[in-house]
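A, B, C and D are the chain letters, set down in written order, and residue numbers restart from 1 in every chain.
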């Protein structure tokens, strides 16, 4: 048997449960307790597309060094689901650990020789203490948290404090849960030695907050001044609209009248959702919808209208596993092309790629300024991993001197002054025309909005040259967008290298870790995190500076790579796709392996490992 | 004044009319009469997006040499619409001709000095002869056909014969129309000399037929064995469904019962149309829908289902000017990307690009074999120019020994024999699985179709590796498609050259002519007509053999070029976009100019002009 | 903010309304529809209604889908903003516009293809949400713009111009609107301006979802014998249940009908609907009764017209959502953005 | 072609039907729905109905959209082909399947979100076309699978689990189906198998569009006080208008009810519906009467259940389209392809 893994504040724990059994809250407690000990944590929920009774997992990465992407592999498995026992056991690293409910004996062939097995009679402990079936179900979860606390050396005071906060309004539950926690903890203290996986107080969490991207984006919409939201439930985007609703109630209720400074409509479907958003945008309110792949497919026609009639709109696409209904509770970055070139005819739409909840907040707020400035649909591309998992991220911040940028709108005074108004006139040469809002002026500035071709003064026209001029102006506008999209973030290797890597969105954390791993192998890459589309010159300069650029994505077809080639005229030979698309978040190991292997093939290892 | 143009059987006549005035049929008569004289003709209708009262044009290319693409420029303008007079007059080539209604005098500045003007008092002649307002409107059109016949030397017997055929069932109308024709003809014979634009009997039409692409495609669907059609009206695709309906009535009515061997449903929208098609395809009937850009946008979600659940479906996309409602009565090739990568998630769909009505028939019939064989949605990409204009094309032909290829379907005997059935099992390694049809066998072969991830035996699965295997199989299937799509047609230059050109669809005729023009300028290009997607190796070999390849398209963004780069890993620097997108069909002059200019820049003129 | 400027009188001889606008100030571009199209008469009635109601043109927003009918907003109220959106989706765009600014008057114009075929879902859902709007379907039983195919309001058994017989059940938008909770429901006929203008006026003054199904023959594709939407057919089968007069909020009420035959309904904005009964006993405040009456009469082949239902106390979507009185598009940064202070507490709660 | 094989008797002790199948032969995979979910009871009723009707399982095609309800076809009739399509679009997929092969029995299963929200248009149009199908909406007033948001069938004023009050008008699918021309309309309750099983049997034997609105509480998200779709609420407000017995085409008819209280309706396939009246005078052959009755009773807060309307003489879409008797998917090449000869004349006409 390999030596049991010995690690402090740096390991992966995975819980295998059945959904609907209340495990989510216990597992969350476990993760949060580690955070409160000052140790950075990332937790990822892998859940089925149903409500009750199917397998669900919760993977906790503990990393004092702050590697919060998925690493790959499991050091300690908490195997609570007999249905998935075999593959759960198989996933444990050699030398790893297993915690299981030993109430019912299991034959030895159900275990592995190269792991350390800790059997705790959870059900037995639980049933001895509780009678009510629902209570039994819930408390069993808290008992295993107690067991883990003992095994890993978790500070019980932290857990007790958390339970106190969680059930603040129901003090009886606090005591009950603490008791259950100690039932588990004491059993282990009495029967086992602690593991060589250890937790220890630290100070690496700092002022970071622990929040999911949908919540952060919903809050960002409030700060971005969005006042109309129309949406249709779909996993994994639903909680974005729900967060917006909660924050609006908190921050946007008129203190005097108790009335709402916002309107949120659960529409009948995605087509209606985007229609409402476009109607509101046309009428001068900031509006958004949130959805996932199937919704983006349904919104295509309206997105084309927004492009051509130039109506601001914001769509949050919290991406899940496609195509079709696909893997609705898994993560992917596979709607990039669908969004960037949404709709028939020649169209292009700006995209933002937040890397974490912190940027979800920032980019959500920014999206409304950009949509107003560019008068078009802007997509904020989240994914299930960012959107639905709690991430440790920089605290939300807001500069109170910041003003909402409403873009080019002519008001009553402008019109009254006799300024020429042509809805599709390129006054400043940046391709962005002025608009007026309905109701502004009794006799000036009214125009008829349509998805058909028309001249700069918004009059219907079927003339070829008029059409071409307008389409070329739209390209100019897209050029303008390049300077407005957040610039890419470059991170050069410590050693000079001709190898580069481009990545985006939720890949970010695993990528950082992979770059470190590769560096230790003597494989250095300059890295560029792309934060939006259209790409600025800096992106293409980066590519030009490197011989090979790995493009790391979570989809099958290398969709961002397509955009890079197509928009930048880049030779595809230069862009090496690194593609992870099984629906689980990409891991540092995967990236390091894939890139390392390719670099090895090309003998691109510049120096020996340190 | 320049010398008046002198040409025989080689010129362009354009009619400027008001729609709803009955001009279409008179103009059609004019074109068809030339054809009957044995002179090849191409006619293009440029009409507005309304029913009555707006400008419409009809452009007739007469070319004994058989150049039936648009040439560019107008040699003789028949200016019947005062609304568009100025631009119509401006369009005439120097030395060209104008025929107009001189009943009301026009000031001299309304004319040009460098053209020959023929004023015929059409209204006066007409009103003198007819009293009924509708008759006056219709007969005026026939009168100008008579005038043209005299001016160009058109054989009156041919026109009389055509009128006889047209009004076969209403002999009184025959005489009336012939009389009107001669009213115009005699007036001109009495007052003018014939022009130096001349028509002369020839034998260059051969056995070709004169038909539009939608009609041909509708017929192709009958021959392809389609039995279910669900559609929603949209210009310019409507006449495809209508042609299918007519041909079904003619060829698919059970001779004994009078009942229909087909089902055609005008659905409530495009989503329902494709849904019906997919339901029928799932259940083993060949089914299609026809639409245009907005419909393709609406069908995205279902196309993804078809891709992932592997259901055969055929969509005819008769492309019009996008984006959004765009220019609904103009032509473009701008849905290529929307179709090829339709739907969220990683998806790819085969496309066919017919070049003319002849191929519309062929490819329509073929599409159903391919869709069944590949079990996926196949798009046949027409455009308004092919779909709604009459083209001279090779006669329809059918090999009676041909069998409908139903693809991999397991029947009762297969199942009864105990053959293993896994709906998504790759038995032959070509990525194409077997399917069964509902109702086949009482106890075997039933399965549950879904858009979610599942294993090769069609059982629901959220396992990453199962998902990845399936997605990779779908890529294998797409590889298989390459060998089934019609091969590209290569046409090498007479002189060796390192320059190539790729084109497709309705660009074909203008391209051929442009290649000849360029050749006479000493600019030689090998040309490859791409007939479908995914591209076969031959396409990439062609590109590899050439230094520069012009990609000629009728869209703004170079959409086929994107596919070439993306799927073939081609360096974009090598692919020079030649883009025409003002909504009118591309012209030989445009292509020759654009390519010629670029070749001149690159000093790529290999030899002096002959 | 609302700016009301005195219009310049371009046509000093034309009669002006209380705002000083002439009828011409409510006109739009020249129609490009077929001569004689019913839709043009509806446009004229809308112009008349807005003129008579003294509405400031720029306080109206006109929205439509795609079709001949949906083009018409270009042909009236040229000073109003208009939005010719996409096919069948006007209701959602209008809903969004309405949410953004509750102070404008929203006029949705659609066709039977636009609303009963592709747009049936959006039609239904905008009605059941009680969006404050006037929703007019210019109902000709065909798709005019795509040249005469049956729409979902074509009656079963009716014949197309080419002679094809429709075998699907028709959708009766009026019955559906009643069932879905529309708080103002009327049917009229483009050929009967005397009936239509007051109905449009009443609908524009109604708070809540006001729906008017206006039969509007397509002279090009659906005006033949065998059609149930032709001018002749509608004239023959038209059964009006009442005649309406709309009396402005501050106008005196003169009724010159027989006592007992007129019912007065005061709308939310103070305007009074004077409903003159015609023959039948018809109570437009009884939703269930209205539905029953319609079903029975339609079974007999009658086309029931008039003001079929009105709830003057109706609530609208903004009431349901409890939005502030200020239009959302006019909220200041301060009202929209909670600012840095709020984040402190929030951050603390997320640690 | 139809192959009927004698099934092997896996469970010799279970009672077999006329085809030799046991109830188990009509079962499917193990349900993954929540314990106690109403939908599982409906699945059980479908199984029971098919078993009792002696239907060969492979002659049924089951289709659905997306939702907890739409998952259920996986949990019954495991030997039948099934198609879990996309959200709200089952009706079009079913229509296409039906066109391809008129010989199978089509069972569409949907949810209230699937059919009344996103799918309202397709629901309506499939009904008005008279597609020969049994269309069951498993109506729980919420989106179960996405965790409990209101659907369009939630009653105005009803409360969500989180305490939010619904302010939109509810869509009553039964009334809409009646209005759109459904030729078989019923409402039932997942908790009342005795009522539901015969209704499903009758619907499956009906030719034309048969619609069943089956209230089916979501124990997870909509079974609380304040919900109008909870088990308790439905039990309290359920008003059945009749009890149904379905008697096979060749079975003798025994009626053990009071004379005069039972009506017999013979369906197109020869099966007889014996309708036992319950208290109220209710005539399920009167469409207008049914609509009126429903409106009146619903206004009183009653949930009217039972067989609400049936037209035994109904025509279906194939009748309208006059398609041949042979399923279109079984036509031979010869019947489909006109061949070279036809082209000669055609080419000539195009010169």
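What we mean here is this: a contact is a pair of C-beta atoms (placed from the backbone, for glycine too) under 8 Å apart; a residue touches a chain by one contact, two chains touch by 3 or more.
These numbers come from a predicted model, not from an experiment.
J.: More C-beta pairs touching across which pair, A-D or A-C?
T.: A-C
J.: Considering only mean CA positions as chain centres, point out the chain farthest from subunit C.
T.: When every chain centre is compared against subunit C, the largest gap points to A.
J.: Report the inter-chain centroid distance for subunit A and subunit D in whole angstrom, where each centroid is the mean of the CA atoms.
T.: Centre-to-centre distance between subunit A and subunit D: 40 Å.
J.: Whole-Å distance, subunit A centre to subunit B centre, using C-alpha means?
T.: Those two chain centres are 44 Å apart.
J.: So which bits of subunit B are touching at least two other chains?
T.: If we look for residues of subunit B contacting two or more partner chains, we find 49, 268-269, 294, 301, 305, 324-325, 450-452.
J.: Can you pull out the residues of subunit D that are in contact with at least two other chains?
T.: As it turns out, subunit D has residues touching two or more other chains at 86, 117-118, 120-121, 125, 129, 152, 321.
J.: Please output the residues of subunit D touching subunit C within their complex, sorted ascending.
T.: For this pair, the touching residues of subunit D are 117-121, 124-125, 127-130, 152, 156, 167-172, 175-176, 179-181, 287-288, 291-292, 295-296, 299, 315, 319-321.
J.: Under the definition above, what is the set of subunit A residues touching subunit D in their complex?
T.: That would be residues 20, 49-54, 232-235, 238, 266, 268-270, 294, 324-325 of subunit A.
J.: Please name which positions on subunit D make contact with subunit A in the complex.
T.: Answer in residue numbers: 32-35, 66, 68, 71, 86-88, 117-118, 120, 143-147, 149-150, 152, 220.
J.: Using the touch rule from the top, collect the residues of subunit B that touch subunit D in their complex.
T.: 35, 205, 207-211, 219, 222-223, 225, 227-228, 230, 251-252, 254, 257-265, 267-269, 271-285, 287, 301-302, 305, 395-400, 403-404, 412, 436-443, 446-452, 460
J.: Where on subunit D is subunit B touching in the complex?
T.: 1-5, 7, 56-59, 61, 63, 73-74, 78-86, 89, 91-101, 103-104, 121-122, 125, 129, 317-318, 321-326, 328-329, 331, 333, 335-340, 342-343, 346-347, 350-351
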